[in-house]
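In the two assemblies presented below, subunit A is common to both, partnered first by subunit B and then by subunit C.
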Partner chain A sequence: MTELTRESTASTPEIVADASRGLLAMAGDSYPENSYEFFGEIVRWVEEYLGQREDALRLELRLAYLNTSSVRAMLDIFDLLEEAHKQGREVVVEWLYDARNERVAELAGEFKEDCTFPFRILPEEPAE
Partner chain B sequence: MTGGRAEDHLLETVTELLGDPAHDNNPLRDPLARLLELSTGQRERLERLVRISDGFHQIAREEKRGLAEECDTHLRRLERLVRISDRYQESLREISESLREEALHDPLTGLGNRRYLTERLEAELERCRRSGAPLSLGVLDVDHFKAVNDRLGHERGDRLLCHISNLLADQLREYDLCGRWGGEEFVLVFPETTAEEAVAVCNRVRRTISDTPTPDDLAVETVTVSIGVSTAEEDPDGGYAAAIDRADRRMLAAKEAGRDRVTGPPA
Partner chain C sequence: MHDIDLFGLRDHFQRQDILLAFNGPISRGLIEEIGNALKNYLKAEDTAPAAVSDVFGTYVEMTQNIRHYAARQGYTDTESAATVVVARDGEGHYVVVAGNLLETADGQALVERVEALGGMDAAALKAAFKTQLRAPREEGADSGAGLGLIDIARKSARPLSARLEEAPGGRSFFSLQAVIQQHPKTG
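Entry: the complex of A and B
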């Protein structure tokens, strides 16, 4: 199980996947040129983590803008979490948003809709 | 009595009779026993056949239901994907809309900025060229503004500009346009308006500004403006820059003539 980190770029969010902490963090805007490639390794990491370990998994998301293929990839990841949750695994999503931008919270709500695992949408005061 | 139960009953009776020692010597006993055996075997085969056949039916039905469910799930997912994606797109559209707004407006006064004015002037000039309608414009400069700024500071100077821009926006007619050209200079655009009419409107604007008391805390008793007016007809092939230039020179002439006045094209 490897750690996966990616610096943020103009079109991709920062990624920190740390198996030892049971954490997958994503922050930024996402409209990668090749979303299959970019999200492929993230989806694989989640699959491996859930498949090889017994520990809980927490997603910490600070995503502001997602293009269509990124939305699709996130739905894929949430499907994996849903499946794991149904098998009794402890999974949780925390979607943090800039308190000044209610819009992001509404969109996170759309993602949450079909999920039965804990999915928290939390406002965050912007760092000055 | 149903068919099945009648058959069961008959079989029971036959089994009982065959088991009764009193019938041991009956010549029908042996063939009857063989018939019963054959019938029981066939019944079992039939039941197995039905069971297997039902099983296949069940599998087919479950498969079909599974496919339908899977299809539904995919459809729901796709609908969500579209819905979420549309909302992201909508928020991008709004951002670009507000950026466009910002790019065309002066943040201090809320009026259109130089970019807005040049865009509109080009469009209006083109329009009046096609229709043959007159077009006038005015360049307005606040009198002694630098002195106010130096004496009272930029913050009050800014508020004085806002005071003037509010009056401007109030005094213009529905189709007139105005914006901040830069510093203490404003440009007024009067579509379908002759020079005489434009001068009249500018004089009304000028009087309103000099007659309206400034906010008390500004510590400026009165404020006046000088305006130069030009028209597109003066130079039918010229661009907006030339028209602004003419109005600008007249505005300077109005200043030299003592300020608080409007100078139009020579009659």
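Entry: the complex of A and C
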């Protein structure tokens, strides 16, 4: 079980997956042309973490814009969390967003509708 | 002497309130560069953040749909050219239009799909989006299979409008228009 880190690019978010802290953090815009290529290793990391460990997993998301194929990929990740939650695993999603952009809260809210584990959508005041 | 009336073109852009126009082969990198320029422009205009997201998202889905279609068809760079315009209408809303050459039968199917979406209200579009999201997908295929189109329809303040025009070589030029409200309602 390794750490997974990816710098952000114009079309892909920054990724920090740290098994020792039980944390998967993603921040930025996500609209890669091939989302399976980009999200494949992240989905596999989540699968392995949930399969090989018994610790909790927290997703800390600061995703601002997702294209539809990234939405599909995130759904795959949330489905894995939902399955783990139903087996008694402690999983939580915290989705932080710029309080001025309600679109992000709406998108996160639609994901939340299909999840029964703790899913918090938290506005942040912009730093500037 | 110039063969191209650049001043006339500029005048046309200004009268139509066109913020951005692109015509030519579009790469992954260009989509990002033009997208960033578009976002910065809208932010500089004090556009509501939700409207910036909607215009940007519409632009991304439209141009990526064009790229994916061209890749599936095995089109050359020239054949996979896109024409993209972002303008403001008389009411200050943003109009996003993108078009590309495609096989006429595919164009007709697309027009029908857009018309079907046009008859759906927000709740029906949301349900269609969720259904499509859960629809089985092919391994490795990134076709979006209509998910992008539903997403654009959800962002548009008015029903999407699609046009199909005859082009040389038995193909057609398909164009799709979405209208984004400058001060969108929430929820």
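Methods note: the second predicted complex is superposed on the first by the 128 of 128 C-alpha atoms of A that agree within 3 Å, B and C clash if a C-alpha of one lies under 4 Å from a C-alpha of the other, contacts with A are read in each partner's own complex, and residues count from 1 in each chain.
Note that a residue touches a chain if its C-beta (ideal position, glycine included) is under 8 Å from a C-beta of that chain, and two chains touch if they have at least 3 such contacts.
These figures come from a predicted structure and were not determined experimentally.
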For the combined arrangement obtained by superposing on subunit A, do subunit B and subunit C clash, or do they fit? clash
Check whether A:F111 is in contact with subunit B, with subunit C, with both or with neither, and answer first, second, both or neither. first
Between subunit B and subunit C, whom does A:Y36 touch in the aligned arrangement: first, second, both, or neither? second
Kindly classify A:E83 by the partners it touches after superposition: subunit B alone (first), subunit C alone (second), both, or neither? neither
Chain touching more of subunit A, residue-wise (subunit B, subunit C): C
Scan A:E3 for contacts with subunit B and subunit C and give back first, second, both or neither. neither
So, does A:S11 touch the first partner subunit B, the second partner subunit C, both, or neither? second
Would you check which partner chain A:E124 touches, where first means subunit B only, second means subunit C only, and both and neither mean what they say? neither
Touching subunit B and also subunit C: which subunit A residues? 65, 67-68, 71-72, 75, 103, 106, 110
Spell out the residues on subunit B that touch subunit A in their complex, using ranges where they run on. 76-77, 80-81, 83-85, 87-88, 91-92
As the complex stands, subunit A meets subunit C at residues 10-11, 31, 33-36, 64-65, 67-69, 71-72, 75, 98, 100-104, 106, 110
Spell out the part of subunit A that touches subunit B in their complex, as residue ranges. 65-68, 71-72, 75, 103, 106-107, 110-111, 113-114
List the residues on subunit C that touch subunit A in their complex, please. 28, 31-33, 35-36, 49-50, 52-54, 56-57, 60-61, 64, 67-68, 126, 130, 133-134, 137, 140, 142, 144, 147-148, 151, 186-187
